[in-house]
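Listed after this line are the structures, all set down as structure tokens.
Presented sequentially are two complexes of subunit A, the first with subunit B as partner and the second with subunit C.
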Partner chain A sequence: MRYLKLYLYFLRFSFSKALSFRLDFFFRIFMDLIYYFINISFFKLVYLHTPLLGGWTQPQVMIFVACYLVIDAINMTVFSSNMWWLPYFINKGELDYYLIRPVSPLFFLSLREFSANSFVNFFMAFGFLIYALISYPVPFSIGELLLFSALIINGVFLYYLIQMLMILPVFWTHSSRGFVDLFYALGLAMERPDKIFKGWLRIIFTTILPFSLIASFPTKIFLEDFEWSALGHLVLVTTIFWILMLTVWKIGLKNYSSASS
Partner chain B sequence: MIEVNGLGKDFSYTTKEPGLKGSLKALFFREKKTKSALKDINLKIHEGEMIGLIGANGAGKTTLVKILAGIVHPSHGTASIMGHTPWERSDDYRRQMALIMGQKAQVWWDLPALDSFLLLKEIYQLSEEIYQQNIKYLSETLMISEQLKIPVRKLSLGERMKVELMAALLHNPKVIFLDEPTIGLDISAQKAVREFLKDYQKRFKPIIILTSHYMEDIKELCKRIVIIKDGQFVYDGELSQVQKMMGDEKVLTITTEQDFKDEKIQAFGGKRKSENVFTLSIPREKLGEMTAKFFSEFAVLDLNIQDPSIEDIIESMMKSGSK
Partner chain C sequence: MKNWGRFVISMELRKILAYRSDFWLSFLGQTFIQLFVGRALWQSVFEASNVTEMNGMNIDTLTLYYLIAPIGTRILTGENIGFISREIYEGSFTKYLIYPLSFFSYKSITYLTYSLFYSIQLLILYILYSLFYYHSLPDFTHFGFAIAGTLTFLIASVASMSIAMSIELLALWVDNTWSLMVGFRFFMHFLGGAFIPLVFFPEWANKALEWTPFPYFVNFPIQTFMGNISLHDWIKQASVLLLWVLVCATISKLIWKRGQYQYTGVGI
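Right after this comes the complex of A and B.
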């Protein structure tokens, strides 16, 4: 409850800040429109050559695309600014004031900046998802939609956890970005149906770098016959990553040297 | 009450020779070194005490403050502040502690200070009554009521420091760490901050640990000082006692009729102050012998004998570390 109140303050601060930079505001929207256009066109193009991709038809893939666009938009809005600053904060000793407050510093540092600019894009992505769901030949039940929403939120959370685990090594490496570039390079795997990966690549993307679990598994569980094993796998990996992230964070803080001014 | 026993902090670092060649070499072969920023610190501070922590850059002041504020984990030793181990960072401890760093801002840069204060109110879960009361007291004593509605980035450095002080003290902390609170401020702003701290200490009696480069701050505010050099305490005691420790030394200021050669005064261990003035410190028992010598060697216009100032003594302790 208290944390919700704190978050409302973050929102207020971020909005009043964003509105004072108008050009940036419109530019962001424009950039993301291009990004959405490219993503959707890519799959439309693929389906000109094949009726099925990774076992999915075109309407199914459109739901998948909408799913990862929504997850990406939520991540951009809620976490990305904070993730951008975190390595810098760790290196420059800027964690100090977050560590002395009687609230979780992890909460503060992960959610402090809400990108009001990307918020508009979240609505566009969400609109596209609704469109993809309505255009689907078979209607969905409320239960299915609720499950899908929960899985999307889980996807956002997992996306955040993977990102954090790529950033936190900064506590030791003192590099400027940690392994975040690796994260963005491999992040492309999130934008492909999981079934196109075979063999060891598939094992990697569903376990140690679980990009396939972010959007592809939710779509699979939602559209295909429900399988407990897929859901269990998803929950298990998310939980392990959560514990892992908290552990690394704790050890990292012990190592935090708070570079002096 | 603060009690610190055998506290130490080692930092490890790697060295690299300059240039591209050095970088290439460092890629495969790195020398790992350890530096002790703090060695075996013992310290006891009682309720309501305000102590000044003095030391050169890199002496370990800030590291000590950061360990006690719970930000940095020590390599060894224990510390207990009102029964809490600082680096465990319990909410209970953090609620009673404040840290102000003159070089790092804590208020939201783009927003008026009052917005940041509202967030702090929520973080520390202050009641509306206490919040209003503290805002009123702090803004009036610091004379900053008018500026609280202006985005912080538009305030002057002095005003910003006052806002930082307000932000740190809103929750009535019982232990306050002040790291260089007057750094970069002009004389009148320094004075205002000093006056405020004096008043605040008198009223609320918190434990305050103050580090500052300005002796003026320390002299005005602290009865007790700790001098730290290379991670160790070289003095811990009353400020007024410092002078007695060097009671045997006298400082001579000599004005000569004409300019003199540097080599000549350096032979005595003197320091040039201006064209025809130099100073040096000598043991009391040699005073007669030395003055006679000066009169024979120089055309002396004026000769002044004084006790060394506190600044001089502390400076020499920070350098030589006499115990």
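Right after this comes the complex of A and C.
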């Protein structure tokens, strides 16, 4: 309850901050609109040359695209600004301020800034998801939709965990951004159906760097015949990454010297 | 070039290589991920359509395409987003107004140092690729084309730098230009053909794109690199690219001329 109350304060401050920079507020909406346009156009172009991609038809891929756009929008809204600042706090020795507070530092550092402008974009991505679902020729049951929603939330969480694992090496490398650029490049694997990856590439994207589990697996479980093995794989990898992230965070904090670099 | 120019290049190179492990991991990771993901996508398309070639491209030429495209776009994007706007917001931009050096020369040198560095990386990776893929390399991919393609990327980077400078300089009027820069890069990559080669775009889209600088930024240098353009066509397209360089550079100069009077030097 205390954390919920704290989060409501974060929201209030973030909204008032976003509204102080109104032009930037609209620029960001515009930027995300370009991003959505490019992603949808990309697959529309691909389907000019093929009837199937990774075993999916165009309406199925549109649900997949909407799924990763929603996941990206939630991540941009809830975590992204905070992730941006984390390497800076570690390198400048400003993490002390968060470590001495009577709340979980991970909670504070991960959720302090709520990106209000991206929140507007979340509604656009969500609207596109609704449109893709309505356009799909086969109707869905409430149970299927609830499962899909839960898997999308899992995707957001897994996306956050991988992002953290790419940033936390800053505790040792003291670089300005960690491996964030690599993380964004790897994000490309999240934006493709998992079945296009074969052999060792598939193993990497479903286990070591599980970007295919973020949006493609949820869509697969939702659209295709339900498989417990796929769901079990998703839950297992997310749990392992959660434990791994907490472990790296704790070891990183032990390594943190509070000195500015 | 004056002595300070050489000093700036040397400082920028040191900056690029300051965190070597991060740099190489990020660079190789970004390059190979785009290569493998792009290749996997088109392999899947070819399998589903039961063909081995589409619009004049097969898996080998597409592999080379997706090797060149990510590094080529890095040549174009040069420095990180915020290379001017950050200094305006922090108030450290003042130095360009009081020091006896040209703002445009200084920023162009820092930006193009990055572009030059990535150009060398592109050629090195191309040599490694040739050694690895020699058995299946088509004969048109001569090393001379690779050098010509890289030089074309460098010319295009002057135009993209001028657009980037114009957008960054808008920071003299508005609160934040980061999203505008990201938007510009999205457009440049997609409409230039970095995500999907332009031969897969519909004809009407290609015709419309001819009126924009984007195909000259990405598609033209890649096609030169792959040896798909005759000398006559190269001269024609390079002339259009140079025209875009001129237009973009003039716009950024005009913005700078007007914008410098807006600068307060306070920072936020």
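Structural remarks
Everything below uses one rule, namely that the second predicted complex is superposed on the first by the 259 of 261 C-alpha atoms of A that agree within 3 Å, B and C clash if a C-alpha of one lies under 4 Å from a C-alpha of the other, contacts with A are read in each partner's own complex, and residues count from 1 in each chain.
The criterion applied here is as follows: contacts are C-beta pairs under 8 Å (C-beta built on N, C-alpha and C of every residue); 3 or more make two chains touch, one makes a residue touch a chain.
Not measured: the values here are computed from a predicted model.
Looking at the shared chain after the overlay, A:Phe42 reaches subunit C, while subunit B stays out of its contact range. By the touch criterion defined above, A:Pro102 reaches subunit B but does not reach subunit C.
In the superposed pair of complexes, A:Phe13 makes contact with subunit B only, with no contact to subunit C. By the touch criterion stated above, A:Lys195 is placed in contact with subunit C alone, subunit B being left untouched. Between subunit B and subunit C, C contacts the larger number of subunit A residues.
By the document's definition of touching, neither partner reaches A:Ile130: not subunit B, not subunit C. When the two complexes are overlaid on their common chain A, residue A:Leu246 makes contact with neither subunit B nor subunit C. Once the two complexes are laid over each other on the shared chain, residue contacts for A:Ser257 go to subunit B alone; subunit C is not touched.
In the superposition on chain A, A:Lys5 makes contact with subunit B only, while subunit C stays out of contact range. In the superposed model, A:Leu145 makes contact with neither subunit B nor subunit C.
Residues of subunit A that lie in the contact sets of both subunit B and subunit C are absent, per the superposition on chain A.
On the side of subunit C, the complex with subunit A involves touching residues 19, 21-22, 25-26, 29-30, 33-34, 36-37, 40-41, 43-45, 48-49, 54-55, 174-177, 179-180, 182-183, 186-187, 190, 195-196, 200-202.
Interface residues of subunit B facing subunit A in the complex, by the touch rule stated above, are 11, 62-63, 66, 69-73, 89, 91-92, 94-95, 97-99, 101, 103-104, 106, 108, 110-111, 115, 118-119, 122-125.
Contact residues of subunit A toward subunit C in the complex are 21, 23-24, 27-28, 30-31, 34-35, 38, 41-42, 45-46, 48-54, 173-179, 181-182, 185-186, 188-189, 192, 195-198, 201. Taken in their complex, subunit A has these residues touching subunit B: 2, 5-6, 9, 12-13, 16-17, 20, 93-97, 99-103, 253-254, 256-258, 260-261.
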